[in-house]
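Consider the two complexes below, in which chain A is the common component and chain B and chain C are the respective partners.
Right after this comes the complex of A and B.
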């Protein structure tokens, strides 16, 4: 099949992401050992699993982090070959990662950073740079949407932010970019219950029938707020069980050992 | 990863030097070589008074007894002083009062460099002295400034028109025997800028000198003298570029600043001489002595420099804090890429009581370059309660470059406080990936990160030039991923 035909077929079938037999390694050590996963537009998929099961590796491979090498398998995103795309192209095509550990960029204000980001995305779509007044309005609107403290945006990117502020800042950036596929990597870690609610609310407000979300988490607590359509258990580099949100509760109760 | 980075570095550090063109203009030069005759000839062309010639000759004979300094962390090839032309001037009158008299080719050259000489077109609020090779081509806004009693003219003109001022201050803070390159400059300097701000006057616009080397095989030896009388203020900026040539050219300048009682001088430099190509061929050898003295009580001298050009940079803008409560500042961003070498920093000499100094140095090294900070903080016996704060940060891009810090501290007064902080970091792969994941490609991400790193210094530049400097940083580092 030609690329265009594949893209059309994925569109007809409403498939956003399809991972087939994905193997990936870091420093020669195989972490992912044959992942298969299909995600449709409008769906929320939770990926759970114990430490070291490969959850974060999966998010790194999906976003093109070069530290990880894909050794086998295929990923189609909206029908296109994802593994051929540079990380920044994946972003401009609508893939967003809420980082488990957001990175500090000293001296670069959030305003400057976001303006650069927004304009790179616009350029990719063939649009002119955003005007200063439109940009400020966009920032205001999105800050309100995710309930972020307005002072954060005048500070350098993530510098001196508390753990909770960093995670809120990720969701704020997500709101600015309105991604097609959002990957939340341990977004709940280090959040108190109030911050967790704010973050989850933000994510829920951004959900539409046209976008999809992958929620990577240890605990089912976050899934009380962001309710998944599917829950997958990742164990030693492959998906060992798939179910609905009830599976998350069962895991909470029994742990992961019974799945081994 | 290492190989990927190398590839990107190798592919992309080939960004072109934007100012590398040559202007076709008839040039009057004197023969190559350095001798007493050369010195006499330059003085004669400039129609200088006897005392000026004496100053030059004394310096020349001093120079002959001195040796090229070898203490810097630089690999300086031997310079053949007999192979340099010491005077080159675009062939026309020495100075123009009206723009109509200036050769259109020269006007075009400066337009191309973004320095329009027509006053109505110039940046609002900036007066410019344009220097090409050995002479000043045109100084703008002279009349406006003269109304306030401000003198802003070429150095040669100052020697003719204001000999008493020149005589009183020349060589008083950088004496001819100060160092090898200062001695050379004192013997053969050809032109430069002269500024005098009278008592109580706040200079209403930025003053700026733009230096351009054009002629082949020529050295540029300019001399700048800035005098801020009691209770005055001036902000001064210099910029510089040169054509791309395969051979190295020498630039040895001297800048002297005098700040009298409560006077304040802000001196900013955007140094963008041709750095040589990506293989290290060609480029300017930049040996500069810059020093200011805060003579008066509560006076202030602030140096800000953005150094991106030159094959070799040897430069230590310094402050002698003689007045009580005087203030010295040094803010520096030095970028080296490819085979560039920079050894730069400052000296803060505390003589007065309660004198304060601040040093903020940001070095950025990429490619195979070497970048050193060298600084001296000296507190004399009488400088009670003086304070210094120094911060020296180095940022490395790639793993083939070097960053070095050489701080010297000499404290003879135990009521003084001196603080020194230093960091070395690499642009993190995690920072780059974070930017990539948000849709920013690596080139743009490096520019963003480096500008963030240097922000503290860039913020000190006059508004008109801060934007220019930011772009320059980005261009200088194109592709040098670490």
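Right after this comes the complex of A and C.
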């Protein structure tokens, strides 16, 4: 099948992301050992699993982190071969990762950073750079949506932010970019219950029938707020069980041992 | 040894030729300079101050030691244009270390002119300061003492506040190669204030060896800002030694931006002689290809209750090399000293190299001091973070380097100058800035 035909077929079938037999390693050590996963537009998928099962590796591979090598398998995003795309292209195509550990960028102000980001996305779509007033309005609207402190956007990216502020800042950037596929990697870790609610609320407001979300988490707690359509259990590099949101409750109760 | 003797002979010959040719107080120091030069010789690894910068190649050229200024009349506008529309300054120019009278009117509060000429016109004033800060322990200073015949003289009178910045432009110019020795004397009188933009520039493509000596004196309650922009071609060897003597309740602020140049050595030696003397010095160098930039500082806390702050940064690309040696010396009597120093370097390639040597010597017991140095690559995690937001690698690199440099630019208090330098750094990082950015002569 030609690429265009594949893209059309994915569109007809409403498939956003399809992972087939994905193997990936870091520093020569295989972490992912044959992942299969299909995500349709409008869906929320939770990926759960114990420490070291490969959850963060999966998000790193989806966003193109060079530290991880894909050794086997295929990923189609909206029908396109994702593994051929540079990280920035994946972003401009609508993939967003909310980092487990957001990175500090000394000296680069949030405002400049966001402006560069927004304009890179616009350029990719063939649009002119955003006007100063439209940009300010966009920032203001989105800040409100995620309840982020106005002062934070004047500071360098993530520098001196508290753990909670960093996570909010991720969702704020997500709101600015309105991705089609959002990957939330342990977004709940380090958040108190109020912050968790605000962050989850922000994510829910951004949900539409045209975008999809992957929620990576240890705990069931976040899934009370962001309700998944499917829950997958990742164990030792492959998906060992898939179910609905009830599976998350069962995991909370029994732990992961019974699945081994 | 052979090279040293060659220079002793050449200097002796040149000294006898230039002495009295254009009489000035500089003549009094020629033999002292020569004597110390015979003792100490050329800067090399036998001198701890010169471990990381090798001038032997530069010295092995057969330089013309006799100064050659520009003696024909010249329209400054055609040679030098400043590309900042709002940057309104009092402009002074030297060609090859020789003051060039542009006919500019300076305000009443300031005397600007040729050091040689002013040493005759204001003999007592010049005598009071000349060679009172510079040290004959420094080898390049001795060369300068023996050979320099001119330079800038700048005196800010007592109580004068010069609102408009004074711009000093050094231009190396000519069809043949020179060894340029230049001696500047800058005096901030009691209660005075001035801002100086000091630009180093080459106007023709021939190689130059520039040896600048600048003595700066801050009298009680004075404040001086000194901004140095270095944008010379890659066949330039420049050693710039700045000696600063600060008296009671003075503020000295210096900022050096090195954009282009072959081999550059900047020495800044500050003496905090009396209480409440504060110095704030910073620098950034953007170094690539085979360039070499060496920043060398020495802050001597002699009196108590003084502060010093140093932030020196460098970005090294290609096979660029450099060094930072920073010494804070807190004397026994200098209680309540606050002295801070930081050196940060980014190496963009495996072939780029920098030696960083922060040094702290404290002989007082009630002080706050710190020093630190970091050298590393651009943070790969930050790079990926930016890429994952849609910024490509090249742009992400640029943003990070720009931010790194901007910390220094933000210390420039003359707004239009800061804007100009910010623009120059931006273009420099993108490889768009040539050394000829300000020059109307397209010599290359």
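Operating definition for what follows: the second predicted complex is superposed on the first by the 260 of 260 C-alpha atoms of A that agree within 3 Å, B and C clash if a C-alpha of one lies under 4 Å from a C-alpha of the other, contacts with A are read in each partner's own complex, and residues count from 1 in each chain.
Quick note on the criterion: a contact is a pair of C-beta atoms (placed from the backbone, for glycine too) under 8 Å apart; a residue touches a chain by one contact, two chains touch by 3 or more.
Quantities reported herein were computed from a predicted structural model and do not represent experimental measurements.
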- Overlay on chain A: chain C relative to chain B, clash or fit: clash
- Message: According to the stated criteria, A:126 is in contact with first (chain B), second (chain C), both, or neither; which is it?
- Response: neither
- Message: Just checking: does A:28 make contact with chain B only, chain C only, both, or neither of them? Give me first, second, both or neither.
- Response: neither
- Message: On the A-aligned overlay, A:88 touches which partner chain: chain B = first, chain C = second, or both, or neither?
- Response: both
- Message: Just to be sure I read the superposition right, which of the two partners does A:113 touch: chain B = first, chain C = second, or both, or neither?
- Response: both
- Report for A:102: first if it touches chain B alone, second if chain C alone, otherwise both or neither. both
- Note on the structure: Footprint intersection on chain A (chain B / chain C) at 63-66, 86-88, 90-92, 96-97, 99, 102-108, 112-113, 116-117, 120-121, 124, 156, 173, 177
- Item | Complex interface listing, chain C residues touching chain A | 379, 381-382, 384-393, 395, 399-400, 403-404, 406-407
- Note on the structure: Within the complex, chain B is touched by chain A residues 63-67, 86-88, 90-92, 96-97, 99, 102-108, 112-113, 116-117, 120-121, 124, 156, 173, 177
- Item | Residue ranges of chain A in contact with chain C within the complex | 63-66, 86-88, 90-92, 96-97, 99, 102-108, 112-113, 116-117, 120-121, 124, 156, 173, 177
- Going by the contact rule at the top, pick out the chain B residues touching chain A in the complex. 1, 4, 428-431, 433-442, 444, 448-449, 451-456
